[in-house]
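Once you scroll down, you'll see the structures, which are given as structure tokens.
Across the two complexes that follow, chain A remains constant while its partner is chain B and subsequently chain C.
Entry: the complex of A and B
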């Protein structure tokens, strides 16, 4: 009975959360329009109450999942009695209604923290930002209250649930969706504060400074979430890859691209008070793309292997998206004069120019991905033929842009702000260029003939040496004061965490690109093997020794034994599985991977014959390990940046001052 | 402890945390290097930028087409083709990534065709005739398919135009308006002494570990 009463709290809690969100919007708007500070403070409290009730609703649903309260349609559809405990937690975001509830929890909690922790919470800009956040919360709470009610009840209560999709029963799924949602939802904070600054007319307000940590935090969560999604695809989907340019993958990648552009261009606004229209537009685009991605995954408008949360709510996102975009663009147009840059570029060869080029490439890349993602819809409308656009298209149009961005990752740090002599730049660029050429020549001599692969590796060498040079130049100052090299480098890193932490993130990107470039040497072989027969893939010989069958309450397990040898020497045994899940009546392959920094041997059984013969797909994936290593390095760099205090340039936006060169000052 | 000498005003960075280029600023500020150099200069440099833009876009297109590598073996050809067609059995997924048994059979058929000496075009034609034109997971040639390929290139060109044309114009406007404070001269002995003195003070502060983040 206790369980039922907990679940019964869910819907009332949601309705209370909705009521308080509406109240927050009214109070924030009243405060902003009539300059009444107490109303704004009351709005903050109403927003906090809305967050509290949303958390209570999520707790109610979670308790119903653990108590197997199958009277709730959501619990019956996405869990079962045999579902392991941790995956019962992930069932909270495993379906459409639960994932929207989880999203709303994050949104209301983040919004409350952002408003309360703001250094000047009574300012009109923050009050308007609170109103925007309350408006967004109202939209999601309306969805939960009506078309996507997670507390809808069944007339006939089943004795057991359908269970969670076997693909989602993976450790990665415990972390990947929450991180993606954290990223998507987190961008609502800088978006709301940007809109708040514009609506209030406080365009000089450094909204980007007060939301910097939110932006970095959201970007970090999204970055790690995307990589974890790749890791999940690699280990669960059984096609030997980690990225397929699937619409749902693209949905997370597009806001990441524009957010990355924003993270770079906002530095120009901080230091030079330039690009203000551009930065507001970028943050608007980022949040709009995050919402668009949510629409894609929930509307079913595009087919995706990742769509686990499809439902009828997708259509609700279109008017919300339209209102957000039109409203945002209208406000930007209204404040156009106040947003114009106060400074201009001093020289073509400058850090500002490098960042501008970086932004152009990132935005072009985001547009390319967006276009490839929506093209099937365009084609269907114009030609009537349902098409899909796969990796061949995306690789052709995106990879060159990605390589250009990688090159700028190496060049950007070498260029100074405002201006730099071409001679000095060429001297600084020389060692990285030599390294890049050496890498390319070495690979060519070693027999690599993939143009894309050689260029990618060469650029990785170029960027890595450029980053190392920055650390060495910074460390020399501490070396001169007597530090050892490790201590000098550590001092350098910790002294300016934003800058050098950023370089560590860049280094992580380099490692990830090394992993991507390794795909140029990928080998795949398919064979149908009788027990005792062998196949070759790359330098490996795989011998299928037979199958063992067993059962658990959840699934029938078909475990293949594959002996692996290399050059006649045994190197181990792999056990790929092809299982059958009873609750879902669904087959599911479990991949076996032998991973090393040099290459992965990836084996999957796609089917078994009744006589025990097995269809085996085997891949040799060079350097894939470096993708995951790069993600760890990226996460370390992000931690360094986030652990830092207010960076030196943080207040520059308010003063518009930038260090003058000594010579010029003299 | 309050820092002396190279102390920062808001928005400034100290000598240690300037980029390598900034550390050299005292020697070569260089604004005059980017200014107009006579009547022919801007025209020539604009032409150079346009040529550079064209070359960059050409390189991009070359690299894009280089992605279609020649398959080494019939199995590699079959794998390539399976990544270029949509699976008839898994909506939204290429044949290569489709886990169904029917997809496994179709991949085996394609491999068999490749081993029989069929080329890419013949296999694609066979698949199109069997499953319809929608099986190709790339925009088709002609019509909206051409637009699909050209629009990303258009985005790149538009971006390149912004960088190559608008930014230099932006810089020139600034030069027209900016006071000519900085020069391309080397540091005077007095200035050099000031810099060295402040760097010494800075190093002393570092040694005493008196700075904090």
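Entry: the complex of A and C
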């Protein structure tokens, strides 16, 4: 070792973490089975110690990365001396071993916090949850100790590392993987507490209320992580899109779909004590899908651009996944009697029905993605024919499913719990319906003839006005007591943060759908241009003026100057690049995007000829800006929800007497 | 997981339970059938699924004029020829090879000996690709295994 680093501490720390996780499992199980409180508390401390040692292992890997300790295979494979500082941090999760270590850090730290911060940490439900979490931690620590050792040494120490893939050297890649992992791992907490509550048979602490913040937090992290992944793909990969229905993208989307279903249906459980089996099953499905996603990226079982190298790690996941699913289902079956609903649906037109329909659609969507993702495996095993399922399939299914879900987003909040009169419903529904029809008519008159597009925008109008109506109705109460409108709306939002924060999230979804619908008007042109020549894309004329070359220690920069004009008027200059990275011996395109709320002009140089001519690929992507704007609105809504305490609605619902709008949350 | 104390719910105004249950079962059945139908319809649309084959399998079993094929192989060194936007190259699986033509942009990782997946149609002699993806083994593994 030529440079001082903490690398030597890594493996011992991992083994200690494993030892403490095993100890935690034994103590928790002993405490739960024999009802011994001190053993449970000791289990909590063992879990905390395991978290501490896992963090130490990660710190030691990070220090080895910063110290360029290339005697570690991981450091040699994923970093180099020339790697810029912040991206050395992203090398921590840029490779398989490091990413699993990062997973485990989050898992053990989250588990420790969840057990310690539980309002009733000595209850058997919590002790069982601790045992489940320790069991999960043991699995991941075993992976790190054996097949995916991040501290494996190289016999021949290279003088420099191979460097991080240039695609991963992007600000998005500093945030996207940690957010996705936070989302995935965060669902361990509601999963473990649901299982703990079922195993212990304890009913006094409903697991879903004590883990609500974890659920919301994980869901928010996963949502933002997915959007950032799309943004990264859009700005880095150069194919003009942000979502390709790649198996690994699907792997992050499936738990998001079931988690979104769960977030909605758990409200029914709170308010009406219904759907308990369904909710436990949803959280089991969500966590199983999250682990399945982690497995997919590490198994090489499906071809994807995101996969880590094939290795022996994947096979370890199958028994783990099977144990989790079978164990979870067995526990649900065992406790079936205690999970039965206390209430029934009263009427088809009720908030419960709307939530139920939402759930059916979200779960159908999740299974559709699962079907399309694993169909190639199923087909190969059953018929021997290898098939691949392309984006055409997913888009065909998701347009109708997505539009139906969007419509429910508008309808759901308008219908009251239990039942409502037709007169009241039609009064509430009228303005949004009028808005939707107006949007559709306007677009039709403006010459839009794509049925899908007209329906999508009309539904966006419908939902936006429905949400506005909710805020106005809520605000009137404060308005009556003398508030100005802005103050009244702010009061409305902050007084029932879960409900109105939820509406803000819905508004973000509306904006995102506007962006998706815009993709139907996408234009793509490819041209091979000599310096001085032009091409047209949409309403734009692009003139390739020439190439400028320069060098850094990492790469040779080839920068194209592309003058952009629209209707004869120059509107600016874009600089797409195709740079040659020395460490990877490979070119890397840097996309140039001129973005406006109306449309993005997206320009890529796919190839430079030695004489300076350039192959240019250009897209006009209408309304893509709205996706990122919608994500920001969604994030704002999530922050509002997360900033609220535990709403009192959780107990109010026990009586089944829930009145609009004070206690209802959406 | 609630105590019996929450059984204060009244069902006074509820319609007969059997009828209501039938309504929901029918509703669920309709939704399920719709979703299954939607998936079936989407699967059968052209371009939704493609046969995924190796070069040998393509040469051995694909009918001339085969559409919607994805063929997986390694780019043969020295075979890449570019003329403007058009590119011609050969891929092999070690036993057979096939010439691929495309007018589409190629990914950055596309080079001699990179593993690619070409999607397109096969006329019996050459494979006309509408998309070429480089299945880059070095995506996360910076050290090239090729």
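Keep this in mind: the second predicted complex is superposed on the first by the 635 of 666 C-alpha atoms of A that agree within 3 Å, B and C clash if a C-alpha of one lies under 4 Å from a C-alpha of the other, contacts with A are read in each partner's own complex, and residues count from 1 in each chain.
One rule holds in what follows: a residue touches a chain if its C-beta (ideal position, glycine included) is under 8 Å from a C-beta of that chain, and two chains touch if they have at least 3 such contacts.
Here the structure is a predicted model, which means the values were calculated and not measured.
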item: Clash or fit (per the criteria above) of chain B with chain C on chain A; value: clash
item: Partner chain(s) touched by A:385 [first = chain B, second = chain C, both, neither]; value: both
item: Which superposed partner A:348 touches (first chain B, second chain C, both, neither); value: both
item: First (chain B), second (chain C), both or neither touched by A:165; value: second
item: Touching partner for A:396 - first (chain B), second (chain C), both, neither; value: both
item: Contacts of A:495 with chain B and chain C, given as first, second, both or neither; value: first
item: First, second, both or neither for A:583, with chain B first and chain C second; value: second
item: Contacts of A:420 with chain B and chain C, given as first, second, both or neither; value: first
item: Chain B versus chain C, judged by how many residues of chain A each one touches; value: B
item: Touching partner for A:276 - first (chain B), second (chain C), both, neither; value: second
item: Partner chain(s) touched by A:606 [first = chain B, second = chain C, both, neither]; value: both
item: Region of chain B that runs into chain C when the structures are aligned on their shared chain, from 2-10, 20-28 or 146-154; value: 146-154
item: Chain B and chain C contact sites that coincide on chain A, given as residue numbers; value: 238, 303, 305, 343-346, 348, 357, 360-361, 364, 367-368, 371, 375, 385-390, 392-393, 396-397, 400-401, 419, 526, 528, 589, 606-607, 615, 654-656
item: Of all residues in chain A, those that touch chain C in their complex; value: 77-78, 94-96, 161-165, 167-168, 197, 202-204, 206-207, 238, 273, 276, 303, 305-309, 338-339, 342-346, 348, 357, 360-361, 364, 367-368, 371, 375-376, 385-390, 392-394, 396-397, 400-401, 419, 526-528, 578, 583-589, 604, 606-607, 609, 615, 617, 654-656
item: Partner chain A, residues of chain C touching it in the complex; value: 1-3, 5-11, 13-14, 17, 20, 23-24, 27-28, 31, 35, 38-39, 41-43, 45-53, 70, 72, 82, 84-85, 103-106, 108-109, 111, 117, 119, 133, 135-145
item: Residues of chain A that touch chain B when the two form their complex; value: 237-239, 241, 244, 246-247, 270-271, 302-305, 343-349, 351, 353, 356-357, 360-361, 363-364, 367-368, 371-372, 375, 378-379, 382-383, 385-393, 395-397, 399-401, 403-404, 413-417, 419-425, 428, 450-452, 455, 469-470, 473-474, 477-478, 480-482, 491-492, 494-497, 499, 524-526, 528, 589, 606-607, 615, 644-645, 648-649, 651-664, 666
item: Chain B - residues contacting chain A, complex; value: 8-31, 33-34, 59-60, 63-69, 75-76, 79, 83-86, 90-94, 96-99, 101, 104, 107-108, 111, 132-134, 136-140, 143-145, 148-149, 151-153, 155-156, 158-160, 162-163, 167-168, 170-171, 173-174, 177-178, 181-183, 185-188, 190-191, 194-195, 202-204, 206-207, 211, 213
